[in-house]
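Next, two complexes with chain A in common: one pairs it with chain B, the other with chain C.
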Partner chain A sequence: MTNLLTSLDPVDWAWAGILYWLGLGFAALFLQRSRSLLTNLVFPLGALGALFIAGVGVAGLLAPVSTSVLPIGLPDLPFHLRLDALSAFFLLLLGGAAFGVTVYAIGYFRHMEAGPLAVLTLWYHLFLAGMAGVMLADDAYAFMVCWEVMALSSYFLVTTDHDIPDIRSAGFLYLLIAHVGAVSLLLCFGVLQGGHGNYTFGYMRGAALTPFWASAAYLLALFGFGAKAGLVPMHVWLPEAHPAAPSPVSALMSGVMLKTAIYGLLRVTFDLLNIQLAWWGALALALGLVTALYGVIFAAVQSDMKRLLAWSSIENIGIILAAFGLTLIFYTDGKGALAALTLTALLYHSINHAFFKGLLFVSTGTVLHATGTRLMGQMGGLIRIMPWTAWLTLIGVLAIAGIPPLNGFVSEWLLLQAFLLTPGLTQPYLNMVIPVAAAAVAMAAALAAYVMVKFFGVIFLGQPRDPALLHAHEASWPQRLGMVWLAAGCVLLGLFPTQVITWIAPVVRLITNQRLVNDGNWLLLAPVSAERASYAPLIFLVVVLVVLLLTFIWVRRTYHGRLRRSDPWDCGYPEQDARMQDSAQGFGQPIRHIFVSFMRVERETPDPFDRQPQYHGATLDKLWFVLYEPIARLTNWLSAQAGRLQHGHIQWYLTYSFMTLIFLLVFVTR
Partner chain B sequence: MTTGILLQIVQTLIAISLAPLFMGWVNQCRAWLQGRSAPPVTQPYRTLKKLFNKDAVVARNASPLFRFAPYLIFACMALAAGIVPTIANDLPFSPAADVIALVGIFALARAFQALAAMDIGTAFGTLGARREMLVSFLAEPALLMVFFNASFISHSTQLPVIVAALAHREFAIYPSMAFAAVAFWMVSTAENARIPVDNPTTHLELTMIHEAMILEYSARHLALIEWAVALKLFTYSALGIALFIPWGIAPRGDLTALPLAILVLVVKLAAGGALLSLLEAISAKLRLFRAPEFLGTAFLLAVLGMLIHFLLEV
Partner chain C sequence: MPLAYHLQFINLLAALLLLIAFAMLSQRRIVGLVTLFAWQGAALSLATAIVAWSTGQHHLYYSAGLTLVLKVMVMPWFFYRLVKRLDVNREVEPMINIPTTMLIGIALVIFAFNLAMPISQMAGTVMRSTLGIAMACVLLSFLMMITRSKAITQVIGFMAMENGLFFAATSATYGMPLVVEMGVALDVMIALFVLGIMSFQIRESFDSMDLKHMESLKER
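For the complex of A and B:
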């Protein structure tokens, strides 16, 4: 027995974990009667599975590459699985984030009816299994099957509340864009196999493509994975689908599913393609920066809290993609060490985003349960009613705003360092223009702080805007536990960057054949050389805390601690109520004022004689009207033209078949 | 190492204790330029003492975050003052945070300031928080670009290395740094709530930014915030000195250079404070939505400085 266990490779453990999730999902169907068994047994077991997958990820980072062939699927088309450092890192990301979210889900789904809950449990675990499968797949067939499992199960999760029309249409949009992307990926794999009909990744690695076909494959991959990741202009589904899904699902979709696209892009570009061109990197960099700025500007003007987070996910994907582009540029320029630095920043930001966005999405779930609304303009003052949720969310908010000493800052710091090294590039113009692009990253980071102050301030601080909020309830214990796990991830990833980088190192070595040198010690992160730049978050935190404590003690010792409570002063204005605070729209107004050219603002203002004046305002994405509506109109027109062939008379259809037959015969016999 | 740590503590304490004096000096200069009779240069100390002795009055619905924020803001500014080389260079704490992390420290303090302002839920508090975040989203990248200018020249983001590199090339001319200097002045007016972006003496609701955020604070909390404001102004001035006129800062481990370094610092700060108040006296407060244009100009100047660096200096 022990022999059997030790002879198993990490990849075998990984697919065992996937099977376990699948088993749990289908077992849920037999528990349709018992809500308590579903939440108190299936979800905790699912969380254990996540922890196991994370463990497999760690093992995979340390162990050599392992492969396995599963005889499932069509005859002669078995599933090829492979676990290398890149897959292992993303499995770790999946397991780490999914554990916290699934523990949270134990508490979150407690109030659902047992029947729909059983179905949701099935889709939830299928979704987890699909994502893990994508990361393990080693042939195009297995990849696409897992990709579709992931897309379809998440579609059913998004449409959990399918009796609401808005959610149905959000789900449809998601399904549509997911499949446009999937078609592009299929074509990409078609190009990659080079006409030999062998769809295993092992074969594609060896296939030599001309630069033209390699570029075609890259562009198809960028489009296909970009549609899944939410790259502008394929981002429109994100702000619709994320708010529609139940919060733990939004957390997984945003935190992990978007990363499967990043994984795929890395896999295709650096592993399956054997040549890379510099302009690919420049394209990805430009697209990434546009996505980051576009996402964060729209995040600032949202008034629905989950929609705000969805837009912020677009921003973060943009930053990750910019890092990807920069990696490609350095890599093709022969600057392996610098490519290693940017790749580290990319992977670091991916895992950071999984944790802080997971945390923020589940916390909106708690707020949604407590208040019954997603509109921030009806909240306020929740820090006094739900302190656990508020303080844990504050950690996530500071982390995503890129504020030291939390994790978001580390990856942005690494990325900015990489930008500072671009003058070393040999290509003219690129070495001049790219440092300027750093300005865009800096601005996206600063705007993210604006967005997050708005998010936290309007929801948790101030006076409750609705008296009903005073009866809101705090998160249940499993919910708190899940949030604590995710928040602890944000803190630890922020405080121990040198350790995290040693975990990322095998992936970096796999792709760039380089090692990121840490010139400092375990406390000091110095990626290039200690002379060049260094950062020590732990020292930073300790010093801030020590100074804070000393100041506190000094003030109390020297003076006094007397405190009186009274009404707020507010410049002496006697009449103040909760409605005089900034609403969510009010807080975003300056950004709307500055960037109005990207938006379509719709307003309905009451006329002066209205008895019951109603004000309605919406800030919409202009791209939808400029790009998507014409395409939709064109599609409608084309299908209407095709519709002319349809008469509903059998004789016409027989004529069509006959003509087709004749045509084919002529075609074949020639 | 021990002398290093001692020197680090001494420098931080000097910054903390001298910051209100510098504020007093700037206020005095401004009063002179405006033709008023000036308050004594030690006035900020008296104000602080008065505030510390008062009973704190806190709104009934204030959360712990409101009372915690002043301490954190003060600690952040003390940390920033410790990182920027004011009298001695290459102190033991400087590797822990480079210029990008310095921007991060200011961001941490600002985030808590804005959140604390929203905590009570008054109209002015949220107004101040919104405006502060608006100003900072343009000022912060501009500041980062100024630092990038300096790092492209010195090939480092470590302040000690930047200072050493710039201080030992007295005769090299960097046109990029001239652009950066103008951008830096524009950013520091915004970050320190000075004219033309904000006015530290106003309590007029239409114009105030920083003052609106701290309206609800009193006594020791207000004292800590006011002190942190003075410390921030001091740190920014020290930063300006370190980037643009770095000569005279004592190099690593050179204790004999310290007295001279302190003297040079005092002279530079006196001149810098006078210049700051002069620039304030001759400019007018901008309308709020002109502030983004002003800061956008700063941002573009810094970016232009970078382009000029690549065109002329490489």
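For the complex of A and C:
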């Protein structure tokens, strides 16, 4: 028995974990009667599975590459699995984030009816298994099967409340874009196999493609994975699907599922393709920057909290994609060390985003359950009613805003360091353009901070805008535990960057054959050289804490030290009430004003003499009207034209067949 | 009897087949159509039997027998009954008038012969020259299906097309394997029953056998 256990490779453990999740999911179908068993047994077991998968990820980072061939699949077409450092890193990301979210889900789904909950539990675990399968797959067939399992199960999760028409249409949009992307991926694999009909990744690595076909494969991959990741202009499903889905599902979709697209892009570009071209990187960089700015601008003007986070996810994916483009540029330019730095930033930001966005999405779930609304305009002052949620959210908010010493800062700092090192490139144009790109990244980061001030300030600070909020309730214990796990992830990933980078190093070595040189020591992170730039989060934290303590003592002791209580945000006006506070819409107004050309603003302002004034405002994505509606109209028109062929006369249909027959006969005898 | 006579006889029967196909195109009455269909089946069966005799391909005897039973006896009997029960032995009004149909038919025959020429040179059978006639029969039957508007005439057209296909198979490669032919025969029987039942249903629903009324089923 021990022999068997020690002879198992990490990849075997990984698919054992997947089978375990599948088993849990299907077992849930037999527990349709008992809600408490579902929430108190199946979800905790699922969370343990996530922890196990994270452990397998760690083992995979340390162990050499292991492969396995599963006897399932079509005849003569078994599933090939492979666990290398890249897969292992993303498995670690999946397991780490999914553990926190699943623990949270124990508390979140407590109030659902048992029947729908059992179905949801099935989809939830299928979703987890599908994502893990995508990261392990070593042939195009297994990859697409897992990819579709992931897409379909998440579709059913998004449409959990399918009796609401808006949610159904959001789900449809998601499914549509997911499948357009999947078709593109299918074509991409078709190009990658080079016309030999062998779809294993091992074969694709050896296939020598010409630059033209390699570029075609890359563009198809960028489109296909971009559709899943939310690359502009395929981003439209995110702001619709995330608010529709239950919060733990949004957290997983945003935190982990978007990363599977990043994983796939890395896998195809650096692993499966035999050549890489510099313009691919420039394209990805440009698209990434556009996505980042577009996402953050729209995040700033949202007043629905989950929609805001969805747009913020688009922004983060944009930053990750920009890092991907820069990695490609450095890599094709022969700057291995810089490519290693950028890739480290990319992977670091991916795992950071999984934790802080997961945390923020689940905390919106708590707020949603407590207040019954997603509209920030009806919240405020929740920090006094739900302190646990508020303080844990604060950690996530600071992390996503890129405030040291939390994790968001580290990855964005690394990325900016990489941008500042571009003058070494041999391409003169890129040399000149990329500093501008760096400015765009910095602006996206700054706007992200603005967005998060709005998010936290409007929901948790100030005074309650609705008296019903006073009856809101705090998160349950499993919910708190899940949030604490995710917040702890944000803190630890921020405080120990040198250690995290050693975890990432095998992945970087796999892709770039380089390792990131840390010029500092275990305390000090210095990616290029200690003279150039270095960062020591622990020292930073100590300084922050000491300054805080000294200030506190100074204020209490030497200043007058009197305590005076007043309403928050009343600005000294005695007549101020909750409705006069800065609202979510008001907070976004400057941004809306500046970037109005990207948006379609619809507003109904009340008459000044109206006794019961009603204000309605919506800021819509112009791309929807410029790009998607014409496509929809064109499709409708084309189908109407095709519909003209349908007369309903059987004679006409026979004539069609007859004409086709005659045509084909003429054609073949030529 | 020497082979040359056999060939002459097969060619005669093939010409008869084509003549019947034209006659079916111009036949207005349904009962007449059914009779012509039976005669076409008889000619086909006889031609197949002669091919079997002259080439020693024994499985073609079975094909000939099958054709005789199904297409000369069972199906015409079934059609007669159907016509009687449905009382549809009225003038069939073709979509295109009959002289025009005949002209189109002549064009199709020329086309079919042109088409068959290169193929028949490749075929190694004694009766390869009749391939053009077989294809012409297929196309003419198709044309009949297009120009007529009663459900029964369409079914007859469909069966006549199957006759043409059968003849093409015989003349190009001495017929399909027996198993395939049995399968086809079964398919034809089932199609016949389905279409027969459907004819009743169509009359029930529309009070007429005219397929023009089915236009109202079209999705708006």
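The rule is short, and it goes like this: the second predicted complex is superposed on the first by the 618 of 670 C-alpha atoms of A that agree within 3 Å, B and C clash if a C-alpha of one lies under 4 Å from a C-alpha of the other, contacts with A are read in each partner's own complex, and residues count from 1 in each chain.
The rule we apply is simple: a contact is a pair of C-beta atoms (placed from the backbone, for glycine too) under 8 Å apart; a residue touches a chain by one contact, two chains touch by 3 or more.
No experiment lies behind these values; they were computed from the predicted model shown.
Looking at the shared chain after the overlay, A:Thr159 reaches neither chain B nor chain C. Residue contacts after overlaying the shared chain place A:Ile650 against chain C, while chain B stays out of touching range. In the superposition on chain A, A:Ile383 contacts chain B only, with no contact to chain C. Legend: residue contacts after superposition of the two complexes on their common chain; A:Gln581 is shown touching chain B, with no touch to chain C.
Once chain A of one complex is fitted onto chain A of the other, the partner contacts of A:Thr669 are limited to chain C, with no touch recorded for chain B. If you count the residues of chain A touched by chain B and by chain C, you find the higher number for B. When the two complexes are overlaid on their common chain A, residue A:Phe658 makes contact with chain C while staying clear of chain B. Here chain B touches chain A in the complex through residues 52-53, 55-61, 63, 65, 71-72, 74-76, 78-79, 82, 93, 95-98, 100-101, 104-105, 107-108, 110-111, 114-115, 118-127, 129-131, 133-134, 136-138, 140-141, 144-145, 148, 151-152, 155-158, 161, 203, 205, 215-216, 220, 224, 289, 292, 299, 303, 306-307, 310-311, 314, going by the rule given at the top. Interface residues of chain A, counted against chain B in their complex, comprise 380-381, 383-384, 394, 398, 401-404, 409, 413, 416-417, 420, 423, 431-432, 435-436, 438-439, 442-443, 445-447, 449-450, 452-454, 456-458, 461-463, 520, 524, 526, 530-536, 539-540, 543-545, 547-548, 551-552, 555, 558-560, 562-571, 573, 576, 578, 580-582, 586-587, 589-591, 593-594. Those residues of chain C lying in contact with chain A across their complex are 95, 111, 114-115, 118, 139, 142-143, 145-147, 149, 154, 211-212, 214-219.
Those residues of chain A whose C-beta lies close enough to touch chain C in the complex are 646-651, 654-655, 657-658, 661-662, 665, 669.
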